[in-house]
Amino acid sequence: MSKIIWLIPLMPFVGSITLMLFGKNLRRSHIGYLGVSSVGISALLTALLAIEFMQNQEVLETLVWTWMQVGSFAPGISFYFDGLTLVMMSVITGVGFLIHLFSTEFMEEDPSYARYFAYLNMFVASMLILVMADNLLLLYLGWEGVGVCSYLLVGFWYQHSANGHAARKAFIVTRIGDTAMALGLLLLFSHLGTLDIQVLMGKASQVWEVGENIPLIACLLLVCGAVGKSAQLPLHTWLPDAMAGPTPVSALIHAATMVTAGVYLIARTHGLFLLAPDAMIVVAIIGVVTSLMAAFTALMQTDIKRILAYSTISQIGYMFLALGVGAWSAGIFHLMTHAFFKALLFLGSGAIIHCLHHEHNIFKMGGLRTRMPVTFWSFMIGSAALAALPMTSGFFSKDQILLQAYQLPDLGPGLWMAGLLGALLTAIYSFRLVFVVFFGEANTEPDKDTEWRMAIPLSILCFLALVGGYFTIPVVDVFPVTGGSHPAHWVEYVSISVPIVGLVIAYFVFLNRRINIETLTTSSFGRGLGNLWLSGWGIDWLYDRLFVRPYYRLANLLKSEPVDVIYNAIVELNQLLNLWLSKSQTGRLRWYLVSMVAGLIILISLASNLGPGVLQW
Amino acid sequence: MNASVFYAMTPILVLSGTAMALMIQASIKRDHKVASIIVAIGLILSLLGSYYASNFTQPVTVLLQVDNWSLFFTGLIIAASLIILSLSLKTFLPEGERKEEYYLLLILSVLGAVVLIQSSHMVSLLLGMELMGVALYVMIAFPERGDLPLEGAIKYLVLSACASAMLLYGFALIYAATGSLSYIGIGAEVARAYEQNPVLVLAGSAMVLAGIGFKLSVAPFHMWTPDVYEGAPTAVTGFLATVSKGAVFVALTRFYIDGNLYQYAGLTAALAVLAIASMLIGNWLALRQENIKRLLAYSSIAHFGYLLIALIACAHIDIQLVSQSITFYLTAYIVTTLAAFAVVSSVAEEDVRGQEIQALEGLFWYRPLEASALTVAMLSLAGIPLTAGFMAKFFVITVGVQSHLWVLLAALIVGSAVAIYYYLRVIFAMSKPCKVKGKASTGFDRTLAIILMACVLLLGSWPQPFIAYMGTL
Amino acid sequence: MVMINLILILLVGGLLAMLSERLDENMPRKVAMAAVLFDLIYLISSMLSLPEIAQLQAPITNDPSTWLMHFKANWIPAFGISIEFAMDGISLLMVLLTLILGAVAISASWTDIVKRKGFFEANLLWSLAGVLGVFLALDLLLFFLFWEVMLIPMYFMIAIWGHENRGYAAMKFFIFTQASGLLMLVSILVLSAINQETTGVWTFSYFDLLNTNISEQASYWIMLGFFIAFVVKLPGFPFHTWLPDAHTQAPTAGSVILAGVLLKTGAYGLIRFAVPLFPQAALDFSYPAMLLGAAGVVYGAVLAFGQADFKRLIAYSSVSHMGFVLLGIYAWNELALQGAVMQMVAHGFSTAALFMIAGSIQERLHTRDMSQMSGLWHQMPRMGAVAMFFVVASLGLPGLGNFVAEFLILLGLFQVNVWITVIAATGLITGAAYSLLLMQKSFQGEINKKWAESKLSDFGQREMMTMAVMIIALIFLGIYPQPVLNIAEPVLHSLLDLTALALPSIAEAKL
Amino acid sequence: MDGLDIPLNHILFISSLLFAIGMLGLMIRRNIIFILMSLEVMLNSAALAFVAAGAHWGQPDGQVVFMLILTVAAAEVAVGLGLVLQVQKRFKTLDMDHANRMQG
């Protein structure tokens, strides 16, 4: 098994290439089979691998070939496999397979069926490389690869300029982080002489003391990359726009897998971060602030996918918080459960959108509880898990995070409180979504309910979202043990009760309407705040003014090539001299004579006056 | 005086004989064809004669210096004249019957040029220059149609006479200072004379330079050039540009080096200023010139500026290399210019519009061979590798580098950079699609174009034999 | 002799192509293609028959007999000018690139050129021959000769078959390169003259001139002469302005050659001559040179973003990418140099392909204005997909050649100067911005009504074949660049040793 | 030589004056006839200088050159006058300022 680990990313890659080359000539059903089965085989292989791993707990390292070798710089196309990798691979191939299956129905009528699966397969391959890479450069390959696939899939319906804009925004904003990350790679290599993650972490702890500057800078640069990819402040603005892509894509890329790559990166390089506690604090603060910011924003959104997008940002904020406080395995655990329930929610919303003629506005839905029962139940379960109601998968993971955050000295309680507030808000907005969409009066009639290809993935994910919390992820050997003592019991009780409070509030506000918030929302302060949240705290607006427009203006200003001014001036000078001199050619004999005489006089005076050495210097 | 002196003078004697034969022929029967054939035979014989004379190199009296170097140029000039003769045939044949005098003038002018090349004495210089010049005035004014030839001729006459006066006065001053008229004599006496009266020597030399500079159309004595080039029949322009200028430069070199004048910094500086002014002004003037003949006129101004660098350098380095550079440059320049004029005279009409660059449009497509020849000529003038002009520039720059003449080299670079523009304009015009198909070419035009193009390319791509040959001069 | 034959085959091929037009109008392109392919096969077969090929790794030193091939014959002995060709790994790579892109260019001209086909193909082959000469000549004057002469056919290609503003563009191109070439000529002569003064022998041979003793000040000035000539060709900021015009106006095949090969001669010159001949001066100058490189990276990217003309955008992207090469060369360590060589190859392919796409669009739409395009993917999906590939290649997607190159350059540069690396790295962001904008404006977006009616033909078999060559090349370079790195390695090592020998103090600092 | 020993410099001064007068004449006269006359003056000033220099050095060369200059001047003027006739015929004027078809 360990010998053929490279087959796992290869399968979807081959699938993708096949679809790209021959997609035009294949029948739709064959395209579907091909697209799904390539990921399916990967999932199967992963499962086999997992079984093997459970038995012997063996860490695998496979060098397929040396990518390049220049002096001591010799990154390989080589894979590293441990518990963390296994978790990520399982999520990617497992959830990925379900989403592929779902897509076969969702995208059925799209003319570019083959292109869709080609991209999606390519994404899975890249994502697998990302998580399996044993060196940072190969990880970076996957990292950029998923970025491009995300770009392609967000802009999948390329004929709408808005989609293209969203796609470009997604790519460029993440690219900012990626570039910083690349610089981090450069820094790490130039100080440690390797990019092999395990070796790197080993060397780092030998070379550097805890709290030194260089590991701090290196970690911060990596964090920049993570922040970009995982849509955290301040580089989160691309994710809500990225919802322009097909909904299964949002489920796979922008909820379950790619956006959590940042979390994976930090977790993977935790050895470095342990050397830079300040960087970890930065991560924690970014996480908690992002989660609050996004939660508030999610409260006001009306587009079903944007709500989910902000909720994703918010949830990844929790993961960052976990990483920041050193709760590595809790973070990864939340990553996994989040993948389940958020994929579920996205697929659910996809089902709704699919059946409701591409309607996105939740206030134009309503009463879907009876008409789309499968979807309703998946949404219920998903929301419950998202809100971290007890016994759902989200509860276990989020609870761990909050508890471990609380234990952090100094900042701990503060972070915990903020996290709680976030949890409250999460419960409110997720049930707001459920109540508005599934209860109340029907505004739009669905023309169909989901078929089996949609229903099966939904059901499986429902199951996972419910019971995922009981899984143990095999990362004990990967991360150092943290958080020994248990906090006081009241902390735990508060943590458990907050989501329920949120549910209740949501119930009274959005369903029962016992609490009337109209006075609040119509007051000028309330409206202003609402608009601010609706626009995501105006960050997009700010960036537009601060970066985008100035850049456009700069490009516009420069586009006529200012450097040419110099050369044009030279040309003009020459032309001017030509003009003047041409004018001296008057054709008049006497004028010519004058010039000769003048020349003679100059010559005589030069000859008799100039000393030696004038010409040589 | 023994017989070998006469052998050494073979070219001059043959040319003189040809002139006399022409006069006799004219008195018997005036005939265009016969006259041209006599000239051709005379030129060929004198060409052979210049080869023959190389066995008898010696100073011929005090006036002439027949050595290999001057004989090489004699041969070159005569060969050039042959080509000019062939171009003239076409120019003057259609004009009617009474044009035989042209050939007499041509042969006299060539004779003057040869005397000039071999001169080693002020008197022979004066005689040669005037013989060449006076004949040229008439050649320029020869066509009956149009006012331009006449205007050109009268301008050239007045200005040239003025320049001669300057030259003569300069000679007088040098003579007054040194007491010698021969170059060698001047060279021997100049140091003493300089100590006694430096102004006399320097002013005299400066005036000589001015006079000669005029003939070379070096700035600021260049103003006549475009008008005369334009006004004169194309063949005569070609003669002026190659034979006349070439001979004068040879004479200048001899005078400047044998007269030991190069050691005076003032003169060097004066020459340098002339050179810089020529390189820059010539190229700037040519920049947007529409008339191809005027363009070539301006370009020649610049080229003699480049050439002066070599002359200036002899103050600093081995004369051998300098004279080689001058030889190579002049040869390359003459061959290239001939190529250009051969094509221009066969393509451009003898009126103002026909000489515009526009008239060359599409030449590539209906007369590819000649267009290629003109392209090669332009590239050579621009100094692009593989052409004679490049090797010439290579020599000049090498000499300049070795004598550390950085200012002059800078001017050369600027000038050449500007020059590329107008040479390319000509090439670009030829490559445009043709609007009106011009006249077709004759076999003779094509042959001439190929021969000259081959010479230009050969000199540029395989110069070693020629360089080796120059070493023996 | 092999090297001379390589050049001769192209020269004669060009002549034959020109003459073959009399037989059949479509003959020239076939003849030209045959000549280039034959040349390629000839090169490969003679490489394989070399005993050294097995040990490409053999250290290449100052001694020409250790090179892969060496040929020397007198040309102008009076000045010690010889016909000296030599081939080492870098030349080999460049020659291969030239021939492959030559074939690509001929393919690009297949239907693009409608008049005077024979003369066009002849010019194309001749300019390729000139480029080969540049990459192989090791006598400085011979090098200069090829350097200048290769421009003439290129000039004709732009001036005769170019687009609306061809006269201006061709002129600008020629004057820029010639004027800077003159500086180089003077520099070459000064260098040789200094060598002659000390040794008493005229020589222009690279191997002899490497040992010239030059005063520090003089070498600085001479080096600048070389530098300017090479940077103009590269093109580096601020000498790049000829490039957008020339690229925009040139016919497709011309753009392919120009971007793919001609620009590389500048980089090659820097690696081969400007630095090794004057190590100390180059070191003194490395900081300004790197600044120019970084400025080029940023400036080119910003300007590319502002362009509305498809080809102009690509042209500016070349400015940006070649800025990386300049950075890599002046960082002068193994990583950066390998990156620079890699970038030369990879950029050659990616940009050539983009220009070919631009040419195909112009051929179909008769415009290069991107505001008139939009939504072309719908009608030409194959072209769109291919364009997407090369766009992501040019923005540096890992797994493709350009990434390897840029990353190695940055990696090497980082050891030398962190802040310049940071500036250069922003090129990755701005690069993404203009690349994706290009894609958005042309292939994506609403379908332009103007073309909705007309039938735009997608890439055909010939075009896809050509593209496939470049796609495969880029992927290969991206995931297994080792063969290329291996070929370049001994050369770079010897160059580094050479300069380290001259600058013992630096060698330690840099390693 | 005995009675009439004028220093060389004096004669050179006179001749240069003549030269300058001729040059001035060239520059300010418009009529071609006068221009030719001014040229004669210039040439003769040179001739004078030669004679004086020859006398100074006690050589006959100066006077030989004088003769040559006379010949040359005659030739120049002969051709010149021939052209003048043509000028009068074509341009109907002898004012050289009117002969400026070619310029630029």
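For the reader, a short list of remarks on this structure follows.
Chains: A, B, C and D, in written order; residue numbering restarts at 1 for each.
Basically, a residue touches a chain if its C-beta (ideal position, glycine included) is under 8 Å from a C-beta of that chain, and two chains touch if they have at least 3 such contacts.
The shown structure was predicted, so the numbers you read here are calculated from the model rather than taken from an experiment.
Interface comparison, B-D versus B-C: the pair with the greater number of contacting C-beta pairs is B-D. Each chain gets one centre point, the mean of its Cα atoms, and the points for chain B and chain D are 26 Å apart.
The centroid of the Cα atoms in chain C and the matching centroid in chain D are 65 Å apart. One simple way to say how far apart two chains are is to compare their mean CA positions; for chain B and chain C this gives 43 Å. With centres taken as mean Cα positions, chain D sits 94 Å from chain A. Within chain B, the positions touching two or more other chains are listed as 154-155, 158, 162, 166, 226-227. The set of chain D residues touching two or more other chains comprises 23, 26, 35, 96, 99-104. For chain A, residues touching at least two other chains, in rising order: 582, 585, 587, 589, 593. Under the contact rule defined at the top, the touching pairs of chains are A-B, A-C, A-D, B-C, B-D. Every residue of chain A that touches chain C in the complex is listed here, in rising order: 20, 65-71, 73, 77, 137, 140-141, 143-145, 148, 151-152, 155, 158-161, 164-165, 167-168, 171-172, 175-176, 178-179, 182-183, 186-187, 189-190, 551, 554-559, 561, 563-564, 566-567. Across the complex, chain A meets chain B through its residues 574-575, 577-578, 581-582, 584-585, 587, 589, 591-593, 595-596, 598-600, 602-604, 606-617. Chain C meets chain A in the complex at residues 237-238, 240-241, 244, 299, 302-303, 305-308, 334-335, 338, 375, 377-378, 385, 388, 392, 396-399, 403-404, 407-408, 410-411, 414-415, 421-422, 425-426, 428-429, 432-433, 436-437, 440, 443-447, 479-482, 485, 489. Taken in their complex, chain B has these residues touching chain C: 365, 379, 382, 384-386, 390, 393-394, 397-398, 401-402, 409, 413, 416-417, 420-421, 424-425, 427-428, 431, 462-464, 467-468, 471. On the side of chain D, the complex with chain A involves touching residues 23, 26-28, 30, 35, 96-97, 99-104.
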